[in-house]
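Below you'll find a set of structures to go through.
Two complexes, one shared chain (chain A), two partners (chain B, chain C).
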Partner chain A sequence: MPRQKENGKGIPDELELARDILDQQVVDREETKMGRVDGLVLELREGRPPRIDHIEMGAVVLARRLSPRLERWVDGWRRRFGVRKVARYKAPWSDVQELTSYHLKLDVGALDTPTFDWERWLRDHVIQHIPRPLKGNGEEGEKKE
Partner chain B sequence: MKKAATLALGILTSVGGFFDVGNLATAAQAGGVFRLQLLWPLLLGTLLVIFLVEMSGRFAAVTRQALPDAIRTHLGFATWLVPFLVLSLVHFLVLGAEIGGICFALHLVTGLPTPVWALPVAALVWLFLWRASFSAIENSTSLLGLLTLAFVVAAWQHRPPTGQILAGMLPTLPHHDPARYWFIAVSLLGAVISPYMFYFYSSGAVEDKWDDSYIGVNRGVSVIGMGFGSLISVGAIVVAAVVLAPRGIQVDDYHQAALMLTTAFPFWGFVLFAASMAIACLGAATEVALSMAYATAQTYGWNWGEDLDPREDARFCLMYTGAILGSALLILFGVDPLKLTLLTMAVNAAVLPFVAIPFLLLMNDRKLLKEHRNGWISNTVTLVVVVLSIVLAIVSIPLLIQGGS
Partner chain C sequence: MKTVHFELLLGRKVHDSEGRRVGRILEVHAEPEGKDCVVREYLLGTAALLTRLGISAERLLGLPVHREPVRVPWDQMDLSDPERPRLRCSVEELTRNK
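Let's turn to the complex of A and B:
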């Protein structure tokens, strides 16, 4: 397992890629859950250890891990019916703010990324038309109004 | 002080939440056909489920992760995909059985056919999840669920023979209908160790923001809550054995089970049965629907939480909406709720390896749980569950064909 030394950010010194990073919950800077690390892209460097270039998120990335044919199929569906404009959301490793045993925090806002395309679409087209429930509109909801 | 209140509430809710359509159907059949001989699968199941629930709560308290979340994170997507799909399908059937239970209870009271109630009941369950917060749902349905203690009271009133109860707690070979005997035994186990409980319980612990300091509360809730909860199932078997078996009623239909409480409570028995069934199933239906949404949202990393405004977790909310609607269609199209329940409980037992094996791996992860990882007792019990569940998986499929009819 490749190990890598990191800077003073909230990232442990020793990491196991598949164990600690792949499939980890990704959250944005407000700690809103935005998806999982569906894929990892490494950069191979001449004479130096490889390093993580970016993480990838999206159903297509997941499908690829099972089989390339499934990937093409999922991507076909996405093109035809999907709400998401891009198949893969790529977050450069430099955006990673914190990595704990339960999440990987990116220095982004989930709503501004393609990972929330579906969430946003459903909210605007479906949830919006159903009367609001009583919960959740305490201190959290007030901020957003 | 807050911890003591949490403990008390937790115990009450797990007693009230223990009994559901699966426990009712399997207990009625077990008592009706084999009297007190099938108490042992219930006892065995309770012992195992206490350990498993304690582990899922401890895991969530220490790691702040619910089970589906942790399995995807630590065992990987490819490992989790098949169990996830299989368990989702099973939960869909369980939800159908619970919704069917509420519909049948309403049919008993109103006389209208069961399928007529499918959509109104689905709307009720959905509305409940849509509007209420996590603790409101858990506490209200579970506290109302204490009504199912009526089975314990009824069993007490019948003064069952203590010797036979003790004898039924030891496994014995059947005197007649061996296929049916083993089928009901497997279903009883499946009803007590329902896989959705572990998703629900661990996700609930995360929703309630448990941390290491809740390990004691968790132990108390699982041991005392589940232990006393199973008394209700024991009560139901005893009542079925005393009331139904001597009259030769084998419970091929929920209508026959509805007679269970009429001897102990001549006037109220019928209504009490319908009310217990409706409330127990309503509580379980909300839990199963939430478990499905929890598992899916956690698998894909979506935002989730029953206390959030649905605008903040649209996909999570639509997941339980779709699950409720889809399962209600089973009842709307006339699937018999009792047959569905018995089949589902046997399937529950058959898919237990998918629950137990990831459990064993995660609970021994030194890096995740540190000093709170499993000791040898918990590991031995989980290993027993793994082995037993694999045996059950192999045995229950032919039994489904032979004894299920």
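Let's turn to the complex of A and C:
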């Protein structure tokens, strides 16, 4: 990874998009893993160089890289069985706080994004219904809220 | 707003203004500019995937490889049809302007 520039953000002053950003691990401001950069969208501007508009994450984006048919299949599966409200999570480039050789940090909270929809669903529909271990006197180990 | 998906550009064949094949998009070089990150140049090679993996016939035979990617400034690349990227000039003009 090239040297870091004094640009107020921890972003190197030279980037190779495929090498440095695509498939990079994404973390939130607390460094919670959110997934990987599956897509990168460039905005084409008249008379000015293209700029990175946003990064995309999601199985549909990853599937599109392999084939449009697979993208449609994955999106159909998501609509039928998925719990995510959106097919792809888009993070604007302005949310990128830091880019290193091992992660891309976003200035967001992972729990507030659709990337954690599955975790929230599992918590509400599965984990919550798992019986808690009993104490010796037959009471539940923790108080119910 | 016209946008292109970078991941779908990778490996696309690029032709010059005279219709001759120049190579495939291997990489895109970008730099931060204020709050943005802007594209400076596109790197084209002959065997995109194999080159990215560091594989080539020369390497397999143990011969030294000196193949440099073709560097295309952002303003010489026409992405109006992202499935068929084209140079706005010929390969000769591109190498002459270096």
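The rule is simple: the second predicted complex is superposed on the first by the 123 of 145 C-alpha atoms of A that agree within 3 Å, B and C clash if a C-alpha of one lies under 4 Å from a C-alpha of the other, contacts with A are read in each partner's own complex, and residues count from 1 in each chain.
Simple rule for what comes next: contacts are C-beta pairs under 8 Å (C-beta built on N, C-alpha and C of every residue); 3 or more make two chains touch, one makes a residue touch a chain.
Since we're looking at a predicted model, the values are computed, not measured.
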- State whether A:D107 touches chain B only (first), chain C only (second), both chains, or neither. neither
- In the superposed arrangement, does A:V41 touch chain B (first), chain C (second), both or neither? second
- chain B versus chain C as contact partner of A:W118, first or second or both or neither: first
- Message: On the A-aligned overlay, A:V26 touches which partner chain: chain B = first, chain C = second, or both, or neither?
- Response: first
- After superposition on the shared chain, which partner residues are touched by A:V126: those of chain B (first), chain C (second), both, or neither? first
- Message: Quick check on the superposed pair: does A:L66 touch chain B, chain C, both, or neither? Answer first, second, both or neither.
- Response: first
- Query: First (chain B), second (chain C), both or neither: which does A:A18 touch?
  - Reply: both
- Return first, second, both or neither, reflecting whether A:P50 touches chain B, chain C, both chains, or no partner chain. second
- Message: Looking at A:W93, would you say it contacts chain B, chain C, both, or neither? Reply first, second, both or neither.
- Response: second
- Item | chain B and chain C contact sites that coincide on chain A, given as residue numbers | 18-19, 22, 38, 65
- Complex contacts: residues of chain A adjacent to chain C: 5, 7, 9, 11, 13-19, 22, 38-44, 48-53, 61, 64-65, 93-94
- Message: Looking at the complex, which residues from chain A come into contact with chain B?
- Response: 18-19, 22-26, 32-36, 38, 62, 65-66, 101-102, 110, 118-119, 122-123, 126-128, 130, 132-137, 140-141
- Note on the structure: Listed in rising order, chain B residues that touch chain A in their complex are 63-65, 69, 72-74, 76-78, 81, 130-133, 297, 300-304, 306-315, 317-318, 367-368
- Show which residues of chain C lie in contact with chain A when the two form their complex. 1-8, 10, 26-33, 35-40, 52, 74-75, 79
